[in-house]
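Two complexes follow with chain A in common, the first pairing it with chain B and the second with chain C.
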Partner chain A sequence: MDFYFGMLQIVGLHTILGLSAYIILLTGQVSMAQAGFMSIGAYIAGMLTVLAEMHLIPAMLIGGVAAALVACIVGFPALRVKGLMLVVATIAFGEFIRIFWFNFDYQISRGGVKLGPEGGEGFKQIRFFPENGWSTLDVAIFIWVVAGAVIAAVWWMDRSRAGKVLRAVGEDDLAAQSAGINLTVVKVSAFTAGGFIAGLGGSVYAHYTTHIEHLNFDIVMATFAIIYPILGGLSNVFGTILAVIFVQVFLLEVLRPLGDLRNLLFGAMIIVVMNFMPHGLFSAQVASRIKGVFSGRKEGANA
Partner chain B sequence: MLEIKTLSKHFGGVRAVDELDFTVRQGEIFGLIGPNGSGKSTTVNLVTGIFPPTAGEIIFDGRDITTAQPHVTLDAGIARTFQNIRLFNNMTVWENLWVAQNSAEDKKATNLLSRWMGGSRKAKSQVEEYLEFSALADKRDELAGNLAFGEQRRLEVARALAAKPKMVLLDEPAAGMNREEVRALDERLRALKARGITVLLVEHVMELVMEVTDRIAVLNFGQKIAEGTPSEIQNNQAVKDAYLGTSGD
Partner chain C sequence: MIDFIQNTLDGITIGAGYALLAIGFTLIFGVLRRLNLAYGPSIMIGVFLGTFIYLHFDAGWLPVAIATVIGAILAGIYVERMCFWAIKEGAALASMVSTFAIWMQLEELVTVIFPERTYKFPTLGEMDYLEFAGLEMRAEHLIMLGIAVLMVGLLHVLLYRTRFGLSVRAVSENPAAARFMGINTGRVIFRAFILASAIGGVAGFLLVATDPTVTPKFGLQATFKGLIAMMLGGMGSIPGAIAGGVLLGIVERHMQAEFGAIMRDMAAYALLFLFLIFRPGGIMAQGVAAREAAALRRV
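On to the complex of A and B.
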């Protein structure tokens, strides 16, 4: 049973990560720095619970805010570059943060045991959950409470005028600007919100694995973050969740017996999906069809 | 209302706009015409702040907007449409207008949070009014990208209106329209004027320009070669030469 709870935990964590990229992607910006923002939340929240013996909840919020601040600072130079150049710039920034943690030492001795991040060795013994006697199921539930809150917040934001403003910028930033939308405010806000969510996810992730190191937040993680909203489509948040399940459960677990072939298939499947479903797994058409089923009427195909 | 003073824009060695002077008066429909590449669209882009001028000044309503960014010029009261329609295609007609409610008045009326959440009920009801004005009320939930060409042009004008402008710059609103649509546009322009909105009309369709405008400025190679009422322009030799290509400058 623990295997399924573990699955549930991973899907929850990656949903948070995917939604952090989703918000930024709505404004047409591809951020490859999400793993970096996540690592800031992870390290800071971990240090707060381990070294400062703080409770997890405030530590998570501080981790999220710290990541948001850094994301806000990244958001400004990101305004000057677009498209592929932004991808390169954010990759560079993500790597910069990773290398920072690789060289980051801050250990204190408590009862003969050294605690805290130790450069390349990573940050071990983030034991808030085991110390408080949480079972795998408890942790899975906790992750999903956080993920649920993030999903609800992003969904609600998406439906409000703010979400439409983000989308307007993503569709045509020149037209958006001419319609009176302040691009700087919108793009930087999106980065900040995305950074906060990634930081929040990272702080949960650190406590869930109990051991983090710089390699957890490399370009593979950054790619995962951006793959989910791209694969799931930008119609609404459920596409991202669906994509997480598709990748983490179907591609990575169900195909596990295939061994090395799996990696090959992983790439191939993503190409197939992008080709045959260019608007993502959960496009506007699919969404309106589902809505049609629930409201008991036939929906036209022109969604 | 809008004063353009010795405005220039050079792209490398090209003088797209060269020491241009003209003034648009409050409440009039002012036409800006000229052959292709004469600098009309560049002028619109300069006024709305898409790029800064090389030299010169732009004063609107007593406010210097020479180097203001697009959202600031909108805040000052200038809204625009684009020559090649630029709508938010994957958003509904209604949403296109909803996100465009960025007038200084709307910003002042509600706090930031409620603006982000959706704006006031009054603002939302005004969206319906713009839909009505542009004869798009029955298309409100249609995606903008799925509209017919003429409808998209009307939606762009409606989106400009949603910003409660004092002045609108329309960049070739009649391009690609048939005769009937042009006549409807003519009426809509007069309706804008009746609402007290000043119009700067950049247009190639001469029947419309001559019919609807109060005054016209003619550009050629970035310079103003004539200014006056439609009848004056029609009888101006320099304008005839520019359009027939008999004179090089």
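On to the complex of A and C.
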């Protein structure tokens, strides 16, 4: 049974990560720094529960806010670059954060045991869950409470005026600007919100794995974050969730018996999906067939 | 002072290798306007093919170099067919995600076939240090610099003196107009891809031969170095790629000498980030890039 709970935990965590990229993608910006924001949440929340012996929930919120602050600071200069340049700028920033953690040493000794992040060795013993006697099921439920809150918040935001504004900027920022939308505010808020969600996801992730290191937050993780919304399509949050299930459950778990062949097939499956459905599994067309709400939208606008 | 000059000199030679990587990136970006994350990993396939031939047939450096280039070209063709030819124009993100998937495939393929961490790669032979006025330089580095200069010269002739070069430049300038002029853009892209992969193969061979070990992480490094050098110089510009590669080499070298290897990588990323923010067109910012940047500033 634990296997399925573990699965549930992974899907929940990656949903949070995917949605953090989803919000930023709605404004037409591709952020490859999500893994970096996630690492900020992970390290800060981990240090708060381990070193400051804080409860998990305030630590998570602080981790999220810290990641949001950094994301907000990145959001401003990121306004100056677009498209491919933004992809590369955010890759550079994400790697910068990763190398920062690679160098980050802050250890204290408690009862003869050294605690805290130790540079390249990583941050071990983030034992909030086991110390408080949480079972795998409890952790899975907790992750899904957080993920559910994030899904609900993003879904609600998407349906409200804020979502329309984000999408307007994503479709054509010049047109949005001439309609009186303040691009700076919208783009930076999207980055900040995405950073907060990623930080939240990171702080849960740190406690779920109990051991984090800089390599957890490399470009592979960053690409996973944007693969979900792109694979799922940007028409609504359920596309992202569907893509997480497709990748994590179907591609990575169902194909696990294939062993080494798995990653080869994984790549091939993603290419097949992108070839036949460049606008995602749950694209605007599919959504419009289901609901008929998005039928007026221009095809390919999210590409 | 002498250290400073020495480091700069070393930086320039390493930078020559980066410049070649950046030229490959720039060629692909110029004709496609899409990002190829699998560029480094496809070079890595070439490097591992070279290692394979070296280990099994005890080949000298020339057959290894040829195998490296051929491997890189084959992998490049695979990437082009899967991620760029097959995916419609306009879906740039889908292409990028696909190149990432190919990257994972190639890296997995290499780790399955070559399970050990590092492999040996042939050097260009035992060579002495060349000394001049207190400065010294490894002969391999000098050869690397020479080959890089030669490659750039050949590329210049190819791009500015042949019909193929003209069509590549036309597609880079304006793909739609090029198509109206009767240029088969698909074929030009395909050939430009092969050219870029071949240049990448040479760059990969030179970079690995001066530091004769190969790891599966080489693909990631090659992608990052090439990308950074290309962006520093300005996308789509070959002189820019050269300048960016050399700048990256020099900065890395000085940083490593002053603060160690970790600061070297941090400095490279920080430099790239600052450049993208404050000078998005790169060193060679001019024309369209500069105008766009100016327009952005006004907004």
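By our rule, the second predicted complex is superposed on the first by the 286 of 303 C-alpha atoms of A that agree within 3 Å, B and C clash if a C-alpha of one lies under 4 Å from a C-alpha of the other, contacts with A are read in each partner's own complex, and residues count from 1 in each chain.
Keep this in mind: contacts are C-beta pairs under 8 Å (C-beta built on N, C-alpha and C of every residue); 3 or more make two chains touch, one makes a residue touch a chain.
Computed from a predicted model, the values in this text were never measured in an experiment.
Participant: After aligning the two structures on chain A, examine chain B and chain C and state clash or fit.
Facilitator: fit
Participant: Should A:172 be classified as contacting the first partner (chain B), the second (chain C), both, or neither?
Facilitator: Once the two structures are laid over each other on A, A:172 reaches chain B alone.
Participant: Looking at the overlay, what does A:24 touch: chain B (first), chain C (second), both, or neither?
Facilitator: neither
Participant: Quick check for you: in the superposed arrangement, does A:197 touch first (chain B), second (chain C), both or neither?
Facilitator: neither
Participant: Measure off the angle at the C-alpha centre of chain A toward the C-alpha centres of chain B and chain C in the combined model, and quote it in steps of 10°.
Facilitator: Nearest-10 rounding gives 80 degrees.
Participant: Residues of chain A touched by chain B versus by chain C: which partner has the larger set?
Facilitator: With both complexes superposed on chain A, more residues of chain A are touched by C.
Participant: Going by the contact rule set out at the top, does A:164 touch chain B (first), chain C (second), both, or neither?
Facilitator: A:164: touches chain B, not chain C.
Participant: Can A:181 be said to touch chain B (first), chain C (second), both, or neither?
Facilitator: first
Participant: Rounded to whole Å, what minimum CA distance do you find between chain B and chain C in the overlaid structures?
Facilitator: 5
Participant: Quick check on my understanding: which residues of chain A belong to both its chain B contact set and its chain C contact set?
Facilitator: Common to the two interfaces on chain A: residues 177, 183, 303.
Participant: So in the complex, the part of chain B that touches chain A is made up of which residues?
Facilitator: 48, 50, 69-71, 74-75, 79-80, 82, 86-91, 95-96, 98-100, 102-103, 115-119, 143, 146, 159-160, 162-163
Participant: So in the complex, which bits of chain C are touching chain A?
Facilitator: My answer: residues 29, 33-35, 82-83, 86-88, 90-98, 100-105, 107-109, 112, 220, 224, 227-228, 231, 235, 262, 265-266, 269-270, 272-273, 276-278, 280, 296, 299.
Participant: Give every residue of chain A touching chain C within the complex, in rising order.
Facilitator: Touch residues, chain A against chain C: 30, 77-78, 80-85, 87-89, 91-93, 95-96, 99-100, 102-103, 177, 183, 219-220, 223, 226-227, 230-231, 260, 263-264, 266-268, 270-271, 274-275, 278-279, 300, 303.
Participant: In the complex formed with chain B, which residues of chain A make contact?
Facilitator: 160-162, 164-165, 167-168, 171-172, 174-183, 284, 302-303
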